[in-house]
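In the two complexes that follow, subunit A is the common piece, with subunit B as its partner first and subunit C second.
And now, the complex of A and B:
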């Protein structure tokens, strides 16, 4: 029982990080209708920027974190301006954009492999202090991960409540109407990609500080983000959080009864189950009867 | 004879003047030199059979399409080739033929999005308005005023996707009012709605014109045109075949027969 509680606690901490990952992915998918495959590579890239700033630059962790967030946001913005926007302007199909995004992800991954090698990189640290709460023991890094990610997620949700961000949500529903009302589509698209990439940098830095990462980790993190958004329900941001926590807790708890090697399967299984039995997601919007 | 009627004289006295607009889609010439003007405070109705080029003309003037040839100016400044959001920023609004809304946003938020756009481009064009628009209560109050003006009686927190067709039209009109445009294009504003709902829209459109807005509308319903329009422009096969005051043009038997099927 104690083990289950410990695994649940670990799952909740991971859930906080997955939630941020899902918010970034969900923002892009919901408002740009782009399945941003390169998001995973962007996530890894921001982790390695953090790694470089701390290990080579000697920056303090918080400054390196801010540097990584800023770099990631800039890369996301450039990605939109130089990559996704030309596709959008030429009315390229979303399927073709998805494949192109996959190509971009592979390219980024290979460039990172050339620069950083294929080994796992981690920020050198001593043994972390831990806090015991009844049967549950959490390291200080885990507590920091949960606190930082929850704070950032709360800030993003406050941001989403601003009237200007209703445009961001509306953008995915009717792009033409957004423009006809006078909103600059290129600017808002860049804002979304920049924000999403900046958000993803937060858990990236925290993972790099804890267990480390290799340059090929992007696809598995992308899968987690995508499953969280699709399972939680694309239309509602709270659903992305629910999906993220569900994936994280299930991944953690599966170790209790099975083996750690089965954790990767959990995300797929959850996605299949949701798509088969509740296609609008866990927090999907109710449809009119005639919509079917 | 229809052919002897000269096209609308396109001088520069109107707020929006367009001259000799041409547009082809492949081998098909949809517009073959259309000229005209939209005047502040006036309602100009564009009538004609399907395929006459009315919607294409609106799409050219609202930035959705680019013409092959011709010119269009708003207060003397070129507007052709500008993107829809830039034209909206310069005061050109549009009500789409197929009702468009943000389906998963609430009714209130649908109007707020229009108000935020107007504030953003009029106050600070390069500002995302993230902080300035944070006073959501003020915006909500304004949005309610616009909804009230169009006589909207549905729950403001309901999602737009759950509205009836007629109410979605009213919502679109509220959004158009919230944009405070100087020139608006209404593409079949009463298509598919009940007579009762259409009668609610007539005074609202008239109010827009009375407020000094140049209103252009496409409509097939002749009684609606007669009750509303100051000017009528009749189009057929990509050209203007008749134009003038509504009473004059609609009295031409041949125009009524060919274009309105009467």
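And now, the complex of A and C:
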């Protein structure tokens, strides 16, 4: 029982990180209608930027974190301007963009493998202090992970309530209207990708500090984000959070009940089951077929 | 009578796609001639390296032409093809392996039949087709991005079972010592001998698939790809057609898997991972989906690329990454400038 509580606590901490990952992916998928496969590569890249700034640059962790977020946001914006926008202008189908994004992800992953090697990189640190709350024991890093991710997620949700960000959410529903109303579509698209990539850098740095990462981890983090968004429901942002926590907690329960090796299988079985019975996701908006 | 008769004719549009020339770049006698020449050369020359390349080309040709049926014709981008490939390989392996005195391996897997070659191949195809049909029941409830993701989930699930359920087929340790084919008391040990057996098999299956492409069934799949609702309104049971396509494709992929297992004699699940599925889709997209030549061109490039890289003389550690970068770049560039692929007809999706 105590073990279950411990694992649930770990699951919730992971859930907070997955939630940020899912928010970034969900924003791009919902607003741009782009299945952003290269998002995973972007995530790994920001983690390695953080790693380099801390170990080679000797920057303090918060400054390195900000640096990583800024770099990631810049790369995201660049990716939209130089990659996705030309595709959009040519009206290329969403599946072709998915394949292209996959190509971009493969390229980035291998460029990083050439630069950083294939080994797991982790920031050297001593044993971290831990806090005991009843039967649950959390390390300081875990507490920091939860606190930082939750506050960033809250900040993003507040941001999305601003009037000017309503356009971001409306963009996916009716792209033409954005331009009709006199807003600059390319600028908003760049904003979304920049924001999403910046958000993704936060859990990236935190994962890097805690357990480290290798350059090939991008795909599995992307899949977690995508499962969370699709299972929770693409249409509504709170669904992404629900999906992320669900995936993380479920993974913990699977570890408790069976073994860590079945976590991937359970995540995908859950996704398929949810999609089969509720196409729109757990808290999605139900739409008629004609609404697309 | 004359009022009814014309309506039985296919519309001119369909006729153009079905029987004749635009799909048919090379006359058939030329292909057969080339094949004959190949067999003669093989027998005379017995090259190991070239044979090995041609065997891999044949296996990947089976995979790409079968995936083409689902992705190119049905317009459904499936990321679970490598799973069926793997299922075929494992089904063949367990059907062939013998529980004998030597076999501590055979005792640690769930079942080892020790069948001869031909029944084992047929068994692998049947198992693959069965899985294809079962998967189609689940995944065909989705279209577009959701179909992509559902097949991707299936791929992850099947891979996870193969990799993690050690009692089933030894998981990451893999299966070794899978018997090579023996036909009529003639055991195939060298790659050129193997190639002699594989060439007729691949030719027959790929030829049959080409016939399927042009059959009424292929046309119905195309109709579904172009506009599913319109196709349904003309009385095409699109889901059943797509299910059949996935079943056939999975059966052929399983044949490819069985060929692979019997050729390399050692398999482990990492050969059938998500990245292999991605590779197969990429290969098809590169060559071009939805016609006869696309998969051939794609397979040719993908099999030749690593070999070409080898002659450039990059160090091995770098070469693999550079190859991946080239192939990622090709993929992204093609989707932008030529979404239908190098020799494709039309890009899948809308």
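Side notes on the structure shown:
Throughout what follows, the second predicted complex is superposed on the first by the 285 of 292 C-alpha atoms of A that agree within 3 Å, B and C clash if a C-alpha of one lies under 4 Å from a C-alpha of the other, contacts with A are read in each partner's own complex, and residues count from 1 in each chain.
Here, a residue touches a chain if its C-beta (ideal position, glycine included) is under 8 Å from a C-beta of that chain, and two chains touch if they have at least 3 such contacts.
Keep in mind that this is a model prediction, so the values were computed, not measured.
Superposition model on subunit A: subunit B and subunit C are shown accommodated side by side without a clash.
Judged by the touch definition given at the top, the superposed model places A:235 against subunit B, while subunit C stays out of reach. In the superposed model, A:162 makes contact with subunit B only, not with subunit C. Of the two partner chains, subunit B is the only one that A:191 touches; subunit C does not reach it. Legend: residue contacts after superposition of the two complexes on their common chain; A:181 is shown touching subunit B, with no touch to subunit C. Seen from the Cα centre of subunit A, subunit B and subunit C lie 90° apart once the structures are superposed, a value rounded to the nearest 10. In the superposed pair of complexes, A:64 makes contact with neither subunit B nor subunit C. Of the two partners, subunit B and subunit C, it is C that touches more residues of subunit A. After the two structures are overlaid on chain A, the closest C-alpha atoms of subunit B and subunit C sit 19 Å apart. Common to the subunit B-facing and subunit C-facing surfaces of subunit A is no residue whatsoever. Listed in rising order, the residues of subunit A touching subunit B in the complex are 159, 161-167, 169-170, 173-174, 176-185, 187-188, 191, 235, 285, 287-288, 291. Interface of subunit A with subunit C (complex): residues 35, 83, 86-87, 90, 92-107, 109-111, 113-114, 219, 223, 226, 230, 259, 261-262, 264-265, 268-269, 271-272, 275-276, 279. Those residues of subunit C lying in contact with subunit A across their complex are 77, 138, 141-142, 144-146, 148-150, 152-154, 156-157, 160-161, 163-164, 274, 278, 281-282, 285, 318, 321-322, 324-325, 327-333, 335-336, 339, 347-350. By the touch criterion given at the top, residues 62, 64, 83-85, 88-89, 93-94, 96, 100-105, 109-110, 112-118, 120-121, 128-131, 133-134, 136, 139, 159, 161-162, 175, 179 of subunit B touch subunit A in their complex.
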